[in-house]
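Scroll down for the structure; my scribbles are underneath it.
When the chains are written out, they are named A, B, C and D in that same order, and each has its own residue count from 1.
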Amino acid sequence: MDIHVKKNLPSEADQNLNRARMLIACPDGPGIVAAVSQFLHQHGANIVQSDQYTMDPDGGMFFMRIEFDLPELAEKLHDLENSFSSVAEKFRMEWSMSYVARKKRLAIFVSKEDHCLVELLWQWQAGDLDADIALVVSNHLDMKEYVESFGIPYHHIPVTADTKQEAEKRQLEVIGDDIDVIILARYMQIISPTFITHYRNRIINIHHSFLPAFVGGKPYAQAYNRGVKIIGATAHYVTEELDGGPIIEQDVQRVSHRDDVNELKRIGRTIERVVLARAVKWHIEDRILVHQNKTVVF
Amino acid sequence: MDIHVKKNLPSEADQNLNRARMLIACPDGPGIVAAVSQFLHQHGANIVQSDQYTMDPDGGMFFMRIEFDLPELAEKLHDLENSFSSVAEKFRMEWSMSYVARKKRLAIFVSKEDHCLVELLWQWQAGDLDADIALVVSNHLDMKEYVESFGIPYHHIPVTADTKQEAEKRQLEVIGDDIDVIILARYMQIISPTFITHYRNRIINIHHSFLPAFVGGKPYAQAYNRGVKIIGATAHYVTEELDGGPIIEQDVQRVSHRDDVNELKRIGRTIERVVLARAVKWHIEDRILVHQNKTVVF
Amino acid sequence: MDIHVKKNLPSEADQNLNRARMLIACPDGPGIVAAVSQFLHQHGANIVQSDQYTMDPDGGMFFMRIEFDLPELAEKLHDLENSFSSVAEKFRMEWSMSYVARKKRLAIFVSKEDHCLVELLWQWQAGDLDADIALVVSNHLDMKEYVESFGIPYHHIPVTADTKQEAEKRQLEVIGDDIDVIILARYMQIISPTFITHYRNRIINIHHSFLPAFVGGKPYAQAYNRGVKIIGATAHYVTEELDGGPIIEQDVQRVSHRDDVNELKRIGRTIERVVLARAVKWHIEDRILVHQNKTVVF
Amino acid sequence: MDIHVKKNLPSEADQNLNRARMLIACPDGPGIVAAVSQFLHQHGANIVQSDQYTMDPDGGMFFMRIEFDLPELAEKLHDLENSFSSVAEKFRMEWSMSYVARKKRLAIFVSKEDHCLVELLWQWQAGDLDADIALVVSNHLDMKEYVESFGIPYHHIPVTADTKQEAEKRQLEVIGDDIDVIILARYMQIISPTFITHYRNRIINIHHSFLPAFVGGKPYAQAYNRGVKIIGATAHYVTEELDGGPIIEQDVQRVSHRDDVNELKRIGRTIERVVLARAVKWHIEDRILVHQNKTVVF
């Protein structure tokens, strides 16, 4: 169907051909901004956006995101990365450079609840998620036809308590080695530590509560029983601790005593959709740095 | 100072002379609304506001708040209450009737942090809290001069681990037997079960987090360490379970990685002030019914 | 596709078989609530929800919404309506009674922007809009295939300056005489006064600004040029005054100087979707009364 | 009273002794960030925060805010400013450098409504507004005693249609030539173009509506009549166009049909207080750049 065609305008794509982004984390100290901006200027790059944050001017961590344009970037990117190593070493930087024109590849995991998946697909086809949705993995068949109507491969991998290990092995196989980020779009299975190790800070989950309130199962029932006046949703990177990973984004909405558990779920679905889509967008745009168990979002 | 004079207009006070409010809770069943409205109509009362909520039409609880005008209410109120008993018995109601012109009397407990107290005093002198602030109790002297400048008695009752029981006894003495509600305006002491028994569902606390997240001490430090993207405050009735009582109101505000613990506290102070003031206002206006560990707020 | 199947559970439908709703507006006066609740009680109905609002106790308007259960409602509804006439006359009521099991029939008008239509269809198939989407009307072909995949008729009626009158005539024909409410889901055409007359307070439009700011065309460009820090969307009933009809619902989101017009549009699309869906839901659930140019939403 | 003593801790003040901020606006082009950061690094300064925004990478405006530490700043600041001129000229920068330890001096204008003034004074005494409140000017006497209790001079300058010109002359006299910013804290008088010329982009007004909705007088009555579901407040710099100056900050709150004009005013007072205090804080911290009729807020 024609609504499934992505609407990225050519002009935008052309713009991106010469654009790259850098993420930098290192111990703070004098001269970092000067060194990085000097480096980019000398190589002919023009900084179009720059964000910086220092946790504590006295010996804390320094975080930076830079977006720059460089004519004929495709040919020069490799050299640029090599040359930057000396700057990076001097300041003991952890850093990455990403080429905007190379779209990130997403794998979406889903169970039976469709709303988060539908939202991501809608935003993607509307041109609002600048990425490729490479595949969808599910332990159920419910969304197969819908996903495939977008031309996206759908891998049905059932999971039971007994077959969990085997299932994760198959998941890793179908994902292959060319996926940038995995989205758990209400995928109601716990991911094993082994699996997480492969995608450290690259698995985004949406939890249907305002974390750290209501960790674990049935958070809307928990929220109803506690009588909260506001409910929320939380997008976070998955770690070994259940619902304990670095929080990327949260949002909330007011509820009242009139809202029973079903109504909380209904209201919550919209919060979940919006929060997850924002977190995915920010990850795709290289806006997120993880430090210890927290995120810096530029 | 003249800014401390309450600005209640005469017309409003006159209006209140004939106004009362009823709160009703009972098992749901047919004919309740009809019986209550019929009763009021027959006694010459005009319903000016009515709210109703049924937890579950099949055998749940029914809650109602009615505000009505009745000419010459002062003379008739006693009879009205007596007559209503038969209606109440029939439907096994818990109920109360309050006379709007009789202002509720508040006792405010405070420690060193002044912002919640200052807000309540400001809203009170602006005419936005239709109540009498009968006294302030504090374990510190910091706010004495300020409170007394409003003509409000300030009782300094120090509390230590050893003197806690004695201190609570003195608190109950200075409060006397004519206080409707106690406000813990950042009063950093735990109230004993004995004390709570005297004021069941009549002690309002402001907790400086979005409960049930960050129960207990130093919630802003907890929030900072967890890396939440939104912070909040919660007003609740005090029960024997720490920070576990029925929630009256909550509100939140967005924060970012740039906000350190001090900045979270600064942002939080405004949320705390607003949330506590709303909860107090609703209590004063007889808008809150407590059922099990939850509130119905009309 | 199976995701297009509505998920209304049988139990919910059964419940609805005996449920009705009343909307009442009349000059305030003593005895209204008593008369209505007495009437329902005498006819064997049990009130499950009731909301009431008086604009001004001294001679203002009185508004009421009642939801009630009545065994064997289907057989009794006609008689009930007839009997109520005498109550209604006494208090000069404008009133309506609606039978919950009879789903309201919607016509959705759309141009090229798909997000509001997609949201309504998604909420509908998720069981969150308890109505029938009878047809979609559009001046473009873009959404035809998508809409028809849900089994919903799609009427393509082009509109030009010259053919506007003729087009509206055809629209009224395809709508027929059995549509309860028309949703303008980003339908970028002005509706003529003649057309409006047929559906007074039954045409819901979503305007992509926080009205009354930015009436008319290109509101996001207007918002960008004015440099507002918050943008919004407004759902309202359509009247003869452009973007001037009674407001049903509004919501907003924070933006910054970094957001250009395209980003405002992107952020705004989510606000528009949510706000329109809420307004439609409330209309379907008979929650809205219009008085002069304002709404009472229960 | 001791609550009026500012609580700035010595450590914070010491920190500030070596801290300065720069605001820069210029046409975008390659090498700006490199030049500025290189300049600061060569002079021994350490950048502790930096924000940058480019309106449009192709020939738009570039905006930057830098906060830096420089040992023995007091002695070096003058030289630093002189040396920067050559950098500034090269890129045609408009720029300013401010010394954090030198507190900005505020003049607050107020009429009879006290809430915005009270909020600023409370935040100031709580240590949240890092500035000196040099004086208060009012056309009424209402707040005189209260303001003077903080040790702040209060200038009563009545204003009538006939004496307006004369009154503004006196206002300019009492303000003198050492005030950084004027706050109109619900000062219900229109400022003349002549007066504005003296304090271009240095007069902050709080307007009690979500601009550009409800420009002019009685915005809450306007909002009530239009039936909006959300009300707001707007802090902006004052220009010759009434309520038309660059918007600094806005915030909103949900209201309902139950809220009459007085209730809108009551709710609005809290929004006004919070929004004005944020705008003042940001101005004091040199976070705001004005370009044409819009603000960049870092």
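Rule of thumb we're sticking to: a contact is a pair of C-beta atoms (placed from the backbone, for glycine too) under 8 Å apart; a residue touches a chain by one contact, two chains touch by 3 or more.
As the structure is a computational prediction, the values presented were derived from the model and not from experiment.
Engineer: Considering A-B alongside B-D, which chain pair is linked by more C-beta pairs in contact?
Structural biologist: Pair with the higher count of C-beta contacts: A-B.
Engineer: Note whether the interface between chain B and chain C is symmetric in residue numbering, meaning over half of all numbers used appear on both sides, and answer same or different.
Structural biologist: same
Engineer: Please indicate which chain is farthest from chain D, where distance is taken between mean Cα coordinates of the chains.
Structural biologist: C
Engineer: How many angstrom lie between the CA centroids of chain B and chain D, rounded to a whole number?
Structural biologist: Centre-to-centre distance between chain B and chain D: 36 Å.
Engineer: Can you work out the whole-Å distance between the CA centroids of chain A and chain B?
Structural biologist: 43
Engineer: Quick check: what residues of chain D touch more than one other chain, meaning two or more?
Structural biologist: Touching at least two other chains: 53.
Engineer: Quick one: in the complex, what on chain B touches chain C?
Structural biologist: 29-34, 37-38, 40-41, 44-54, 57, 69, 254
Engineer: Touching residues of chain B toward chain A in the complex: what are they?
Structural biologist: Residues of chain B touching chain A: 53, 210-214, 226-230, 232, 246-252, 256-258, 293-297.
Engineer: In the complex, go through chain B and note every residue touching chain D.
Structural biologist: 1-3, 114-115, 118, 122, 126, 128, 142-143, 145-146, 149, 266, 269-270, 274
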